[in-house]
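Below, chain A partners chain B and then partners chain C, in two separate complexes.
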Partner chain A sequence: MRITNNILSSNLLSNLQKSSNKMIDLQNNISTGEAISKPSDDPSKITAILGLKTNITSMEQWKDNASQALDYMSSVESVTANMTSMLQRLRGLAVQGSNQTNSPEDLGEIKKEADQIIEQLGVMANSQVGSRYIFSGTNTDTAPWPGTGLWTGNTESLSVELGANVSFDISINGQQLFGVNSATGVSDFFTALNNFSTALNNGDYAAVGNSISDLDSLLSSFIDGRAELGAKISRVETINNNLETSIINAQTNLSNLRDTDLAAAIVDYNSTMNTYRAALSVGAQIIQPSLVDFLR
Partner chain B sequence: MESAIFFPEGIPGFEELKEFSLNIEEDTFLARLEATANREIAFFLVRSQLFFPDYLPKVDLSPRETEILEIGTSDQVDVWNIITVHANDLVQSTVNLRAPLILNPRTGKGVQLILNEEIHSSRQPLFPTQQDSIATKNDEEGAVD
Partner chain C sequence: MYSTFMGLETAYRALITSQAAIDTTGQNISNASTTGYSRQIANMQATTPLTITANSKDLSIGTGSFLRDITRVRDAYLDQQYRRETSQYEYWSGKEATLSLTEQFFNETSNYSLSSDMSEFWNAWSDLANSPEESASRIVVREKAVSLTETFHNIDQQITSLQNDLNNSVDTTITKINTFSDQIQLLNNQIRNAEIRGDNPNDLKDQRDQIVDELSKIVPVTVEESLDPNFTDRSVGNYTVRIGNSTAADSVLVTNGSAYHLQENPVPTDAATGFSEVWWEASADGTKTAAEVDLGNGMGSLQADIEMRDTYLSEFRGNLNTLVIVIADSVNALHQSGQGLTTDTGLDFFTSSDLTSPITAANIIVNQDIQDDVNLIATGIADATGVSSGDSSIALAISALSSGWDSLTTYASVPASITVLGASSILDYYEGLTAELGSDVEQSTRMAEGQSVLATQLSNSREALSGVSLDEEMIDMIRFQKGYSSAARVVTVLDTMLESLLGMGVTK
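Up next is the complex of A and B:
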């Protein structure tokens, strides 16, 4: 029988398996169940345990909030991303349409596409995530653009709790995004889109050309809005990671307090890990020669 | 070997505790980290590079952490990871690779770094399970002969 590296490594793995089985035997000798089960067992520890448990519960709630906030903001981000690319397409059409070499029929074709996009933008301006209107501020149950062309949202912040005394605004500012005049409710956004459509309809090349700069300023509001949103998303991601680490630290400590005599565990771990490491290092030496070594 | 470590920012979840004592078990890769003010807050640490040889190069300190740890040009940092001990089944114990503790032995400063990359698990089993071993074996099957 040819002894291949394959057999050597299988043997090694089965030896490693043996030593890890030995660990199972070892740990069975240490403890059965939780070291502390009722308050009278160790009153000082029980206080610490209850404190930790309360902390963990609130941190888990904050972490849930953070995940939901991330879901919400990512959905808002994807809506604004789509709207941005639609505005970019409109800008492209405006550049094309402002060229006087276009025949009236050509402008008609451009208008057809532009109107489709404008209509879709109007629908998206009333986007919802779940049942919440995203561009309404805290009026999340009311459509921000009810068909009158006037904004009904507000600029109050939509806050979620992400820590003790840490509330975080997850909303996007609809007033800034759409360039809403706070006194009249009229928006630069819909004004610019309507002007563009009218200009195409009238075959007014100069007015179509003017729409390019209007669309540019809409695009820049959307880019600003997305940048702000992106910064918020990355902050919440950081908070989320931090909370995850906090929860693990607290849970680790809880299980140390409750279940384990750390000193005893260290002794056991030492012996099991040393066995394991010895097996690994012997293994590494066995497997070392490979085909490459013979090709030298 | 016992040494005092100061965590200027505490560690996540225990921000109010800054002073810890680190007991490194001699001739091992294990240590115990205890809060000086509250001995009941204690963690069990391991040098993960022995289990995951390609781990260390992936741990990257930002300028902020470098500053907290007061790392000088010739300083060698010490990297530990927290183990969650499963007393009922030690073999199932996990290690948090997502958030290593970085210590600067010269200045006695420490920080728990949180890695943002998803590649590190916060509950990585310390010992390969039977299934992992089989998978490794199958991977090697084609390559070795």
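Up next is the complex of A and C:
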């Protein structure tokens, strides 16, 4: 092939351009830390990358949901714990009051304490966490025990999303907890408390003694409720931990797919740089001389 | 017996011939870097010999040399190959340029992309499900939804403006082709006039080839050259340039002294888009009628622009619209079956801006009523007896749309648009869309690279044949310089001989 000066210079130029292009790609990879920055960099990997990224954001959302659910359930749990210990105290008072050695004055003292506790229990039955009434089911914006003393809540579940198509019920069943008659809205809870208070007032030792078993059944439904809540809390904690591990795994996978292998990229860059330098210095030598330089 | 001074005449011819050859070398050296220049060769020929009779035999005695002609070194076959590869290269690199712009629309792999807008939208619903009675979460859902619709508007607008840019480029290209057509016609005339005079206008031909090279970047070009049979004693060429599909009924752009022009079709057949089509302009003499130009297949930047504008970007918009419709339909289906903090039910979450036309990427908005009152955002199942503000089943179902259609079958019926989609989820469809776009860009980049190698090789082959090598020219220069010096030497010798001759018989 006949080689002309133009071929020499245009080939040198196009080779230099190739090296420069490769260098700029590598520079981008190194400075952004991402080997795949456009779908066209690797169309087969982009699907996996998009999937992982979306997955990670979803999992982070679920993790947020889980910690909110945990906060909520712990608050509910502490309310029910307080109510349980109050019921236990009431039971203690009932045992004490059923003893016929107590004088009517003594019963009066017991009644004073019992009424305080009963009143407090009434307030706590309308507890809120944030702006939510916790014993109302999904009627979270209305107090479950308005002045009428009839329950206005429902048994619908309060759901949060803790995974793909995993909705988790964080509510406590008010109907079961307070022994509400679903037809009338009248509750065993308040009936029993009222009976106890009345019995103390009347100085009726037998009726006070009957209240012990009523209070026992109230206590057992509260303990059941707390046990269920505790089980839910520990399940959400497990889900939370699993999500944390999954997020870390997904991030590792994403990084493997997308991130630049820095060592390889830098080695690559240096070798490209060397090629470029060599092309430059050889270019400087071959472009210059021609026969013209030697004719004198 | 021939003239005593014939040797001087021969030497004189040698001087002239060598000088012309050196001048040609000078011309080559001056144009060593001129684009499109082909090296020229001074062709020398011995003059007709003189026949003398000596010893009753005829002897031919040479009378020197003359410059027969100056020709350029050029291969029309290489030209044709080069132009074909150039056309293909320009087609793919034109596609690559547009596609890489398209690729940036989604801004994927960055953190501010369509997919992150979608994720944030679904997550806002999940958040709302945690506390459906709080207006703060409702406002977040509204804002994320509005910013998702704005991203869709923005992408749609970018498609439109890219299509308009391409349309402008098509219009400009038409003007450019018309200019080339006129220039070739002018050169055809000049070359023909020169050739009729017996001249060989190398530089004009170089210019013409250069213009055809430029033309081949825009459209595929076929050149037909032949000798005019009306001239037998000299060569006068016919020169025809065809563009587009060379087998089409009418593809002649220039033939000898007649140039034809293209026009943007004033009445586009596709009235909906309003984009120009490339048509032939009817010529005054009636040899050309107005008709659409057959641009051939996969060659030239013009073809690439038109394909991207009419086919690719329209399909791209179609896919984007499908995505928008699927999101709107599925969210609406669930939203209609739900209820917010008011007693209203059956509300659409997304609507089109004028409420009547079908939803597209360009006109999707969040229902204006919802934008005005976030309490209308449905979170729970519609209930005739009242509002249970803590019910978040619908919000959860909408949030779950990001991973599949299961929640649709639980609370509503599956809209037709999803049945025909054939994707397992919105993300699945979107991933497919992005991967397809990525492969398209990758393919056009690879094709453009491959074509560029071929075009470079052919360009090098052409350069190897027609380019100026300075070394070669220097050697030629020395050759012709020596020839010139030697001829001058001959004159000196003859002068001495003549002096001796004239000195004979002169007595001192």
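To be clear about the criterion, the second predicted complex is superposed on the first by the 227 of 296 C-alpha atoms of A that agree within 3 Å, B and C clash if a C-alpha of one lies under 4 Å from a C-alpha of the other, contacts with A are read in each partner's own complex, and residues count from 1 in each chain.
Here is the rule we use: a contact is a pair of C-beta atoms (placed from the backbone, for glycine too) under 8 Å apart; a residue touches a chain by one contact, two chains touch by 3 or more.
In this text, all values refer to a predicted model and were calculated from it rather than measured experimentally.
Once chain A of one complex is fitted onto chain A of the other, the partner contacts of A:58 are limited to chain C, with no touch recorded for chain B. In the superposition on chain A, A:201 makes contact with neither chain B nor chain C. By the touch criterion defined above, A:152 reaches neither chain B nor chain C. With both structures placed on the common chain, the touch criterion links A:242 to chain B but leaves chain C unconnected. Looking at chain A, you'll find residues 4-6, 10, 34, 44, 290-291 touch chain B in one structure and chain C in the other. The part of chain C that touches chain A in the complex is made up of residues 32-33, 99-100, 103-104, 106, 108-109, 115-116, 118-120, 122-123, 126-127, 129-131, 133-134, 380, 388-393, 396, 399-400, 402-404, 406-407, 427, 430-432, 434-442, 445, 456, 459-461, 463-465, 467-471, 474-475, 478. Partner chain C is touched in their complex by these residues of chain A: 1-7, 10-11, 14, 34, 36-44, 46-47, 49-51, 53-54, 57-58, 61-62, 64-65, 68-69, 130-132, 136-141, 154, 156, 158-161, 164-165, 167, 171, 258, 290-292, 295.
Across the interface of their complex, chain B is touched by residues 4-6, 9-10, 13, 16-17, 20, 23-24, 26-27, 30-35, 44-45, 48, 55, 59, 237-238, 241-253, 255-257, 259-260, 262, 265-266, 268-270, 272-274, 276-277, 290-291 of chain A. Residues 11-14, 25, 28-30, 32, 38, 40-44, 50, 82-91, 96, 98-99, 112, 114, 116, 122-123, 127-128, 130, 133, 136-137, 140-141, 144-145 of chain B are the ones that touch chain A when the two sit in their complex.
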